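In the two complexes that follow, chain A is the common piece, with chain B as its partner first and chain C second.
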Partner chain A sequence: MFAYLLNLSVLICVNAILAMTLNFLMGYAGIFSLAHAVFFGVGAYTAAFVSMHFSDSLFVCTAAAMIISGALSLALALPALRVRGEYFVAASLGLQMLAVTVFSEWRSVTGGLGGITNIPAVKVFGVPIETANGFFALGVGYLIAVALIIVVLLRSSFGRNLQAIRDSESAAYALGKNVSAIKTLSVVVSAALASSAGVVYTFYLSFINVEGFTLDLSVLLMAMVIIGGTGSLLGPIVGAALLMLLPAGLSFVPGLPQAEVGLVQQAVYGLVMVLLMIYRPGGIVGGGSRKLAASAAVKGAR
Partner chain B sequence: MLLLQLLINGIQLGALYALTAGGFSLIFGATRIFHFAHGAAFMIAGYAFYEIYDKLHLPWYLALIVSALVTVAFGVLLDRLVYTPIKRHENSFFTLFAGAFGVGIIVQNMIGFFFGRGFVAISTPLSKGVPLLPGLYVSPLAGIAVVVALLAFFGLHAFLSRSHTGMALRALADSPELVRAYGMSPQKLSQTAFALGSLLVVPAAILSGASAGLNPSVGSHVMLISLAATIVGGVGSLRGAAFAGLLLGLAESLALAWFSSQWSEAVVFVVLFLFILFRPSGFFGRALVH
Partner chain C sequence: MNAVTQSSTATAGALDTRPVLLEVRKLGKRFGGVQAVTDVSLQLRGGIVTTLIGPNGAGKTTLFNLITGHLAPSSGDVLYQGQSISGKEPWDIARRGVGRTFQDLRLFSRMTVEENILSATEKSAWLWQPGGRAEARRRREKVAEIMAATHLTPLANARALDLAYAERKFLSIARLIASDATIWLLDEPASGLDPRSYDRFVALLRSQVANGVTVCIIEHNLDVVVNVSDRVAFLDQGKLLAEGTPREVLDDPRLASIYFGETA
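Presenting the complex of A and B:
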């Protein structure tokens, strides 16, 4: 039972990092990306590749994952500068579908549909991390680090510029802000931080394949952010924990056939999403409305 | 001969994409609702037909009528019970999109629950290929798909340009306020758009259920394609959606000549991505307003 909870906690940390970094885009930059799982995947594959071919040091792997993920995120920044709203969602969706094809077909690096197995243990200053306790510490450590980076960024002038752009791009432009540079930077930061979750995930499972990085995950992450509350710091963490605990909770409901649990869970996510959009578009942590939550976030960042 | 075969397959696929994309485009153009649950309507239509025709062994026209009724009811009820309350509470692209997405997830998983996750096919002798030329097989379904798509688009075009309601629908896209000022109900018009848009997916769902089969995740694939077609064709342009649907179907099929089948979907999204980057207003769309 304890091992089960520990396992769940590590996965909650990974998902919370992803949800937080997605929220950085959705809640603060106003960019609704359906391609977040791509950068998670890029981080995971990079970490696996680096650890198998170059170095098994955690820092080298993380740095490599963040650099590659940040560089590739320019493919997402490009449409973010050109279009907004529906068009951007469609573009990010296109990117997500492309990435899944690349993940499953570029066999020499990603191992194809079978994925990569036997990823070596990662080392911190020469000490390998192998136990679940170790990974729990790693996950929590990364989560705190990512949270701190995001808080610091949001309190800086960069964060305020970002929120200004979200609230009114034209006004920010008129005030002489370099809208393109700020938007691009926010996408790069978000993707780079998201890749760190991929690093933890890769070494924790020591097996990855394309199944973990599909559109389903991107949607799930969006659901975590929406359900937890966009534009708040705690919201995505709450959303991630809730959506990860829900499957665990539902598997204890008596009378539900085990084989169908996944389907019921998914349907419940959907239902929760619809009901929240109708009754509480600001999410659980956010205020009653998204605009309220957004203005509260602006105040908090001041 | 391979290319010709792929071309014909592509036209059949394209006709089906054009129908679903036309429905999405009609709804999105008139109501500005990013109806991501359009794929769910497709699934409902396909599985309703399968249940009645294949499971209950009732005649096909009965199955067709019930399938159409259920799908239209789904679209209209969705507008009334989900989109309208969301709009009243907080009308933004994002809330509507998330609501629609939720509905799509629910429907996909309910269908998986009741019909299983595997493929089911609507059985009909019409899906069997007939050799037209040596090595060239064409099933009667391909012809039916093209004829149905043409009829639907000419009918819809006539409706939108001639009838009173059709003109009001186009007006709704431009200004709901003005529509109200002229004494018409934007609410009713929105429901009309949903009814018509959902009706368009019925033949597409049944025909693709007969030719390629249905599984619970087909809906999201179809949804992504119609979304791509709507944007490539130009938002608000029915002609554009039809044309782009055909184009994407052809691209997906012809890509098989050069790439392995895993890449065919990626080809569609490369086309979409390039269009969004370089020509976001699409083929026939009006200039994009930020």
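Presenting the complex of A and C:
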């Protein structure tokens, strides 16, 4: 039972990193991407490739994953920043489709549909990470590191630039902000940070294939962000934990056949989403009535 | 109020000798079958206040959008300090010194008052601003001064969307001051202000003009037209019908009938 919880915790950390980095785009830059699983995948494949051919050092693998993922994210950013809103969603959807094809067909690097097996253990200062506890520490460590980087960025002028664009793009332009450059940089940062989740995932499972990086995951990540609360730091973590625990919890419901769990899970996801949009449109952490509470507080102070 | 009073009593000769800061040359804009702006030529001289008047739909805001690059002109040219800026990106035009406000304000509504103003001072798109801690401290000090000048200091930590209407208008101007724009294009800055806020606005505008800011205002408020403006330009149906001192324009019976209706 403890091993099971530990396993679940590592996967929650991986998904929480992805949800946080997606929220960086959705909640702060106002960019809705359906291609987030691509950068998770690029991180995972890069880490696997580097560890098998060049170095099994965690730092080398992570750095390589972040650089390649960040560079490839320009493929999403540069053409798509010419368009806005729903057109960007469509462009990101296209990239997601394209990436899945590349992941399944580029056999020399991704192993094709079969994926990559026998990924060697990763080493930190020469010490291999092999135990469940080790991977738990790695997952939590990366989650904390990513969270800290995001907090620092959001409190900086870069974070204000992003929020300015989200609140009014035309006003940001009128104040001399190079909106395209700021958006491009935010996509690169988000993709690079998301790839770190791929590194953890790759070495934890020591087996990866395209199944883990499909549109399904991109949609699930978006659900995590929306359910947890966009534009808040804790929201995506709560959303990730909830959507990971839900299927796990359902498998313990007595009388529910294992074969039916997937079906019930989909129905519960749908129901939760609909109820949230009605009662808490800001997400669980976001709080639907925050705006009203804040305006009441200011009026009271006057 | 110790600000230099810019008013229509200043002699036309003194104003005419000032250098032209921004010049609009035969500017035109067509939206499909609608000619929104037709061959408008206008000179904004440094340090004076020009007010654009005219009925709704005359093309005043479109003219602003053409100058600031938010819209691309169909014909004509815009020169700022003698250089053509038409066709440039709006952020590029803004960095050269052409600032504006919007009729619907477009504040960064989920950011605080202080963050709104601070962000207007931060031009770099990179992960950090140049100049390190010393520059960051200087920007914070500048924001504090601007908040004091715009009466926003007590509201520094309030979110923009929680402000009252007049406060929001002052915040939009505070952002403009913070951006270091040398020419201000203000879209109906005085509409909806109560008398006290209006007086504060006029005082703020005059002190900024005394500091060297050039202003072009879209406004229907007659007090702004008569008592704040040095020059008035009259637009109707996308055409510039007249340009002159407030008295010259307002006393033209033809323009008055367009603006105030047939009975005027």
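As a convention for this text, the second predicted complex is superposed on the first by the 286 of 302 C-alpha atoms of A that agree within 3 Å, B and C clash if a C-alpha of one lies under 4 Å from a C-alpha of the other, contacts with A are read in each partner's own complex, and residues count from 1 in each chain.
By our rule, a residue touches a chain if its C-beta (ideal position, glycine included) is under 8 Å from a C-beta of that chain, and two chains touch if they have at least 3 such contacts.
Note that the structure is a prediction, hence the values are computed from the model and not measured.
Q: Have a look at chain B and chain C on chain A after the superposition and call it: clash or fit.
A: Fit.
Q: What is the value, to the nearest 10 degrees, of the angle subtended at the Cα centroid of chain A by the Cα centroids of chain B and chain C?
A: Result: 80 degrees at the vertex chain A.
Q: On the A-aligned overlay, A:P79 touches which partner chain: chain B = first, chain C = second, or both, or neither?
A: Touch partner of A:P79: chain B, not chain C.
Q: Counting only touches as set out at the top, which of chain B and chain C does A:Q266 meet: first, second, both, neither?
A: first
Q: Just to be sure I read the superposition right, which of the two partners does A:E105 touch: chain B = first, chain C = second, or both, or neither?
A: first
Q: Report the partner of chain A that touches more of its residues: chain B or chain C.
A: Ranking chain B and chain C by residues of chain A touched puts B first.
Q: Applying the touch criterion given at the start, work out whether A:F136 contacts chain B, chain C, both or neither, answering first, second, both or neither.
A: After superposition on chain A, A:F136 lies in contact with neither partner.
Q: Can A:M97 be said to touch chain B (first), chain C (second), both, or neither?
A: Only chain B; A:M97 stays clear of chain C.
Q: Considering only touches as defined above, state whether A:F207 meets chain B (first), chain C (second), both or neither.
A: After superposing on A, A:F207 lies clear of both chain B and chain C.
Q: Please give the nearest C-alpha separation between chain B and chain C in the three-chain superposition, to the whole Å.
A: Across the overlay, chain B reaches chain C at a minimum of 10 Å between C-alpha atoms.
Q: Residues on chain A in contact with chain B in one complex and with chain C in the other?
A: After superposing on chain A, chain A residues 291 contact both chain B and chain C.
Q: Spell out the residues on chain A that touch chain C in their complex, using ranges where they run on.
A: 153, 156-158, 160-161, 163-164, 166-168, 170-179, 181-182, 185, 189, 231, 291, 294-295, 298-299
Q: Report the residues of chain C in contact with chain A in the complex, numbered from low to high.
A: 68-70, 89-91, 94-95, 99-100, 102, 106-111, 115, 118-120, 122-129, 155, 158-159, 161-163, 175, 179
Q: Which of the residues in chain B come into contact with chain A in the complex?
A: 28, 34, 82, 85-86, 89-90, 92-99, 101-106, 108-110, 112-113, 220, 224, 227-228, 231, 235, 262-263, 265-266, 269-270, 272-273, 276-277, 280, 288, 290
Q: For chain A, which residues are in contact with chain B within the complex?
A: 32, 78-79, 82-91, 93-95, 97-98, 101-102, 104-105, 169, 215, 219, 222-223, 226, 260, 263-264, 266-267, 269-274, 277-279, 281, 289-291
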